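Chain lettering (A, B, C, D, E and F) follows the sequence in which the chains are written, and residue indices restart at 1 in each chain.
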Amino acid sequence: MGSVGAKEVPVLLSPDGKRIDGRRLDELRPLKIVAGALHQADGSAFVEWGANKVMAAVYGPREVHPRHLQQNNKAIVQCKYNMAAFSVDERKRPGLDRRSQEISKVISEAFESVIFVEEYPRTSIDIYIEVLQANAGTRCAGVVAASVALADAGIPMVDLLPSVAVGKIGGAIALDLKKEEDNFGEADMPMALVPQSGRLVLLQMEGHMTAEELGRSLDLGVQGCRSIYEVMKQALRDRYQVGGGAAQEVGA
Amino acid sequence: MSNEVTAEILGTHILELARTGRRLDGRGIDDYRPVSVEPGFAAAADGSALARIGATAVVCGVKLEPGKPFPDTPNAGVLTTNAELVPLSNAMFEPGPPHPRAIEVSRVIDRAIRAGEAIDLAKLCVTPGEKTWVCYVDVHVIDHSGNLIDAGSLAALTALTHATLPSKRFSLGDDSPLAVQHYPVETTFCRLGDAIVVDPSLDEELACQGRLTIATDEAGNVVAMQKGLVGAFSPDDIKSLADRAFRHGDRMRKIATGA
Amino acid sequence: MGSVGAKEVPVLLSPDGKRIDGRRLDELRPLKIVAGALHQADGSAFVEWGANKVMAAVYGPREVHPRHLQQNNKAIVQCKYNMAAFSVDERKRPGLDRRSQEISKVISEAFESVIFVEEYPRTSIDIYIEVLQANAGTRCAGVVAASVALADAGIPMVDLLPSVAVGKIGGAIALDLKKEEDNFGEADMPMALVPQSGRLVLLQMEGHMTAEELGRSLDLGVQGCRSIYEVMKQALRDRYQVGGGAAQEVGA
Amino acid sequence: MSNEVTAEILGTHILELARTGRRLDGRGIDDYRPVSVEPGFAAAADGSALARIGATAVVCGVKLEPGKPFPDTPNAGVLTTNAELVPLSNAMFEPGPPHPRAIEVSRVIDRAIRAGEAIDLAKLCVTPGEKTWVCYVDVHVIDHSGNLIDAGSLAALTALTHATLPSKRFSLGDDSPLAVQHYPVETTFCRLGDAIVVDPSLDEELACQGRLTIATDEAGNVVAMQKGLVGAFSPDDIKSLADRAFRHGDRMRKIATGA
Amino acid sequence: MSNEVTAEILGTHILELARTGRRLDGRGIDDYRPVSVEPGFAAAADGSALARIGATAVVCGVKLEPGKPFPDTPNAGVLTTNAELVPLSNAMFEPGPPHPRAIEVSRVIDRAIRAGEAIDLAKLCVTPGEKTWVCYVDVHVIDHSGNLIDAGSLAALTALTHATLPSKRFSLGDDSPLAVQHYPVETTFCRLGDAIVVDPSLDEELACQGRLTIATDEAGNVVAMQKGLVGAFSPDDIKSLADRAFRHGDRMRKIATGA
Amino acid sequence: MGSVGAKEVPVLLSPDGKRIDGRRLDELRPLKIVAGALHQADGSAFVEWGANKVMAAVYGPREVHPRHLQQNNKAIVQCKYNMAAFSVDERKRPGLDRRSQEISKVISEAFESVIFVEEYPRTSIDIYIEVLQANAGTRCAGVVAASVALADAGIPMVDLLPSVAVGKIGGAIALDLKKEEDNFGEADMPMALVPQSGRLVLLQMEGHMTAEELGRSLDLGVQGCRSIYEVMKQALRDRYQVGGGAAQEVGA
């Protein structure tokens, strides 16, 4: 969102409708997903998406800590989204800040909406998302990575959760904002889709949009999620053809 | 255990009622509980209000103090919103560091005020890069009977609208009203089966299958949204809820400003 | 208490023995009590006392959290006194500071002295006091509110606990100090009385008093408590005549 | 469980003894355990003392460092008192953030020093509004056998009385004694049935029906009081305890100052 | 319980193998697992590396920002090392404040860099006593399969070696390489009965009878050591491990610097 | 260790090999140990060593807190090393810092290496070390004090743990550094010895030493530990001759 008093606002959209990195309004940044990127976790995935690098791991179903959170009729889903100190321009102090806690909550709820939690009463399904390099859209990259990690861990779900942000830049609705677009654009709306039902389980927004723009943004986001869904499925297919060696690919 | 059973029976009943457009407290699908505000409730604050939505009660106090601007916005004021879900307000809250639930309420209320540009932050600047007004918006929940976000947002907008910049206290000239330029408010919905009700009660929040909050302003913009809790909404749901939110928002703005 | 180096000390007592707000030395500020001011709590009360606004709620007897504090032969009494960020002139950072923790401790002990705790073994009786507007004497207002809230919750007690502070201003002993009197006076002594036994279960003091002044202060405080006791009883009588609608009165 | 039973039997015994004016360790109702101080015990501090009351041992260290005055008292020094009830000192203390018990001890000791105006804070000012001495009074309990408040207060007064303002270390001139102007000390009583004993041992504290601490100064003033624990005192009790407190206080002041 | 039993059986097996110079994964007593680094892995940092030792993976990011020097070293830069053992990296780690295990890893890595004088801190000074570069070395463990200290130390040295002083970003002149002057690295050993193996795997760490880490530099100095876990080493053990550490250290330095 | 940019480095070694306090390179500072210095602890000891004053207490074997740390086959050993705020030149903020936590960990592990922990399953042996006055070598003084406190508490151990630091000053290897030697010397190496086996259970080091210097330092440290061992044994002998009155000696 535009910050009051910030130094200068760059031109985000050229006269011929191209964005600062040359993309069209409905074009995604390059996305690469490696399923099974870690050795210790029960399931894992590494996502490189534009200049984002995000790792996700899943542990569980396992014993609940702390114990009093245990539910007798279902598993609890606990996501922790965290940014490495060096993942952003100005060093971030280690530890969970309020932003991370809010993101962790909405992602936990998004996944609890699609995991068959009643199959694992009295357990916890723990999702950890670590942002190693951040360039706008890290919570969406985290949801994509966590989704593949959950599948890698064999957790039964209604469906994978593709996720992307739609925003408004220079008055136009654009898919998958990068950092400058997020900082100086007029709106940002991250979402996550259940492809099977066409419904959203994660949705946040801030900025300015008319009802009509909101409608178009939702449609563009759903379309983006469907493209991402294909990449996610391919990553899982690759995982089981290549075997355990996938971990070596990260960062290569 | 017996609590869990009670909650499940109540939840099933709420969903059954919703199937025929009815609610536990007799309201219609698109009705709020009674809404009222009392500006100036907490007189030690520079602006304040007690807001009630049904049995939910929230006090907001606004304090303005000189401080340092952020390095990346040297010409802008600083806005800080915090919601306290104190254990006085409901048996489910415990003393201790803020629960993610309280953090979400804080951040969603903050998002409407900030993205909706309620305050003209540029006017809070005293000396660029050196000194600015810091605006603390503290939301204190005293009776939690559901829909804290709308109650908190209403209390905050009322408190801001009635706030004074206490320049005299800090030898910065004469007091003046705080420069409120837009009037964003939150409207919250919950899915109960196929029905989507506005202003959920606490029982409805516990039974619901997804919550969606939409903040609108007086100029026809959606300025913030937050989907919360377990559940899902289709794009068509959201588009139609936005229309409902504008309607409710206009009424809330009148209540907040006393217009 | 007088602060060293503070800007200027106002005249607290006129030549004819009147205080800055026109009160006599033995006169209370206006006191209004609403019993049953909240819907969720098991018992509650709202107190407006001079420029103080204090809300109290009681939950319990209920399960003890954390569990290891449970006592096999009695209920534990846990009071949390807290000030809202906006209740004082300079914004108070949210969270329990040392002052609040000390006050919480002495109030907990005061109420444990009058509640029949042995009737509810293995439970907790939780008292929450929220100061919404502060103008000296908030702990006394909190005790008064909590006392009525306990009665509203049906917790059996030896007696209600009226509470007031006595202080020394301009050399004279005065009842129920307001903010300026507290800041610039010579002593402050909050207390809480068990009317039935005439004994004090809460007593703190700081400042300067001779033994003789201390004696007079105790007597004046006991007299003040007895007046407050009447207002408390009336608030409880009103509660059961008016019924559940009392909540609407708060702040009206 | 067996601990609880033991405590209850012991408590009953203590109360029975008190009925005839006797105490578990043979003392009279108005007797302290042996009291001693060792000034200068912790030489890295600017003033320090080890105080013992019976088997209770407390070390107090005073440190003086330049810092900023509070905005509302630009001409006054800053005083900070902290008591650490470390788990070394008793099986009942656990590692972690300060327990309300430790906070109460800190604040009650602080109250006597502050309200009793032990230090002339005005003399700690270096540059008004800019720089002042900050006086840290740290009380470290090493053996908790009851009556920490009196032991801590005695250690603190002894440490302050023997403290040096380390001006040289901070290039602020020559060292000088810290300006102590009054000598407040605490005297603590516990009710055991109808008897009210001074200087309670740990067993007596656990059995007692109310604790009252009275801080007195050398000029005949009560400067602070704190009623603690479950129990009650009548106004007449308190008046008579004040008289006893003055007597004990005078003796403590002599011990602290070595007079 | 079953976990404990499994661990005990595995531990016994590891110790039996060690008696004949063998290891669970087929390595020799003095063999590392495969080692690799990828400098520049985290491009938002001013220097970074992903280091892998077998299945252990660690990312280090170095950030350089202007700040205040410590009062007692006005002409020197500030170095801060922190290791995060996030729960993503192993089922044994839980969210929350840093575990003593994480603190030890942080401090041991820090000790090698600091005592080994990897960075010329004097060159980080901008204005003596006023402004200096602060060098944050953040080690983020993403896959914990044993020997975090060596992996973290390798990642840190690689990141430092490839780091840039971002002067331009802070209007302090042109960017330049960070002044690395020495190349300390850690080598970690574990005792398994009479055998002492290098580069312990996670299973070996759990079974071992003492851990010893020795940091060496390129000039033939031991610059830091840390004995950890339950167990003991004789002086002769330590002397011989130092020789082995120099040999491994030379190889690690080549890997870190790409020489 | 030498601090970059520090004001001025004092001469640590005179031409005739004497140290700033007149000691030879292999000479210990004066060491005084009082066993049984406290009344409440199950075992305790007070150590004055040069200008260090360190108190140690032992509680246990006792119930484990928090419960989930309990081990079914052995006692856990939990050491907390803490410095009093006034123990150092510049006041230390109360509370455990990272240095204290690291020291606590290595000391816990050192003692677990010599205590017969399997004799007390499901219990905790808690060691508390409080530094009241610090002048280099406090962790070694703490280990010596804790060791005597454990013996005083009757905890069965393989052996006592004498402990000392060896360092390098002015190019020479020296025993038992004091503060100036630690601050301006070239290396510091604290260690703790099991006299019976001749093995070290605690060893840390920072600075610069060649392999040859390291070897000599280890030998000198072992020799120093053996001297300290004698003082420790004598303290325990004195304890049982003098009886419970030992506590009075502290600080005398």
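Here are some notes:
Just so it is clear, a contact is a pair of C-beta atoms (placed from the backbone, for glycine too) under 8 Å apart; a residue touches a chain by one contact, two chains touch by 3 or more.
Everything numeric here is computed off the predicted structure, so don't read it as measured data.
Listed by label, the chains touching subunit A and subunit B alike form an empty list. Should one ask which of B-C and E-F has more C-beta pairs in contact, the pair is E-F.
Seen from the C-alpha centroid of subunit B, the farthest chain centroid is that of F. When each chain is reduced to the average of its Cα atoms, A sits farthest from subunit D.
Between the Cα centres of subunit D and subunit F there is a gap of 31 Å. Centroids built from CA atoms put subunit D at 57 Å from subunit A.
Mean C-alpha positions place subunit C and subunit D at a centre distance of 26 Å. Inter-chain centre distance (subunit B to subunit E, centres taken as mean C-alpha positions): 48 Å.
Of all residues in subunit D, none touches two or more other chains.
Counting partners per residue, subunit A has no residue that reaches two or more other chains. Because contacts link each chain to exactly two others and close back on themselves, their graph is best described as a ring. Traversing the ring of touching chains from subunit B and stepping first to subunit C, the chains occur in the order B, C, D, F, E, A. Within the complex, the subunit A residues that touch subunit B are 1, 3-6, 72-73, 98-99, 101-102, 104-106, 109, 112-113, 189, 194, 197-211, 214-215, 218-219, 222. On subunit E, the positions that touch subunit F within their shared complex are 1, 4, 69, 72-76, 98, 100-101, 103-104, 106-107, 111, 114-115, 121-122, 125, 210, 212, 217, 220-235, 237-239, 242-243, 246.
Remark: subunit B residues 38, 41-45, 48, 50, 55, 57, 59, 61-63, 65, 82, 84, 86-91, 94-95, 136, 138, 140, 142-145 touch subunit C in the complex. Taken in their complex, subunit A has these residues touching subunit E: 38-41, 51, 53, 55-57, 59, 62, 65, 80, 82, 84-91, 94, 96, 126, 128-130, 132-135, 247, 250-252.
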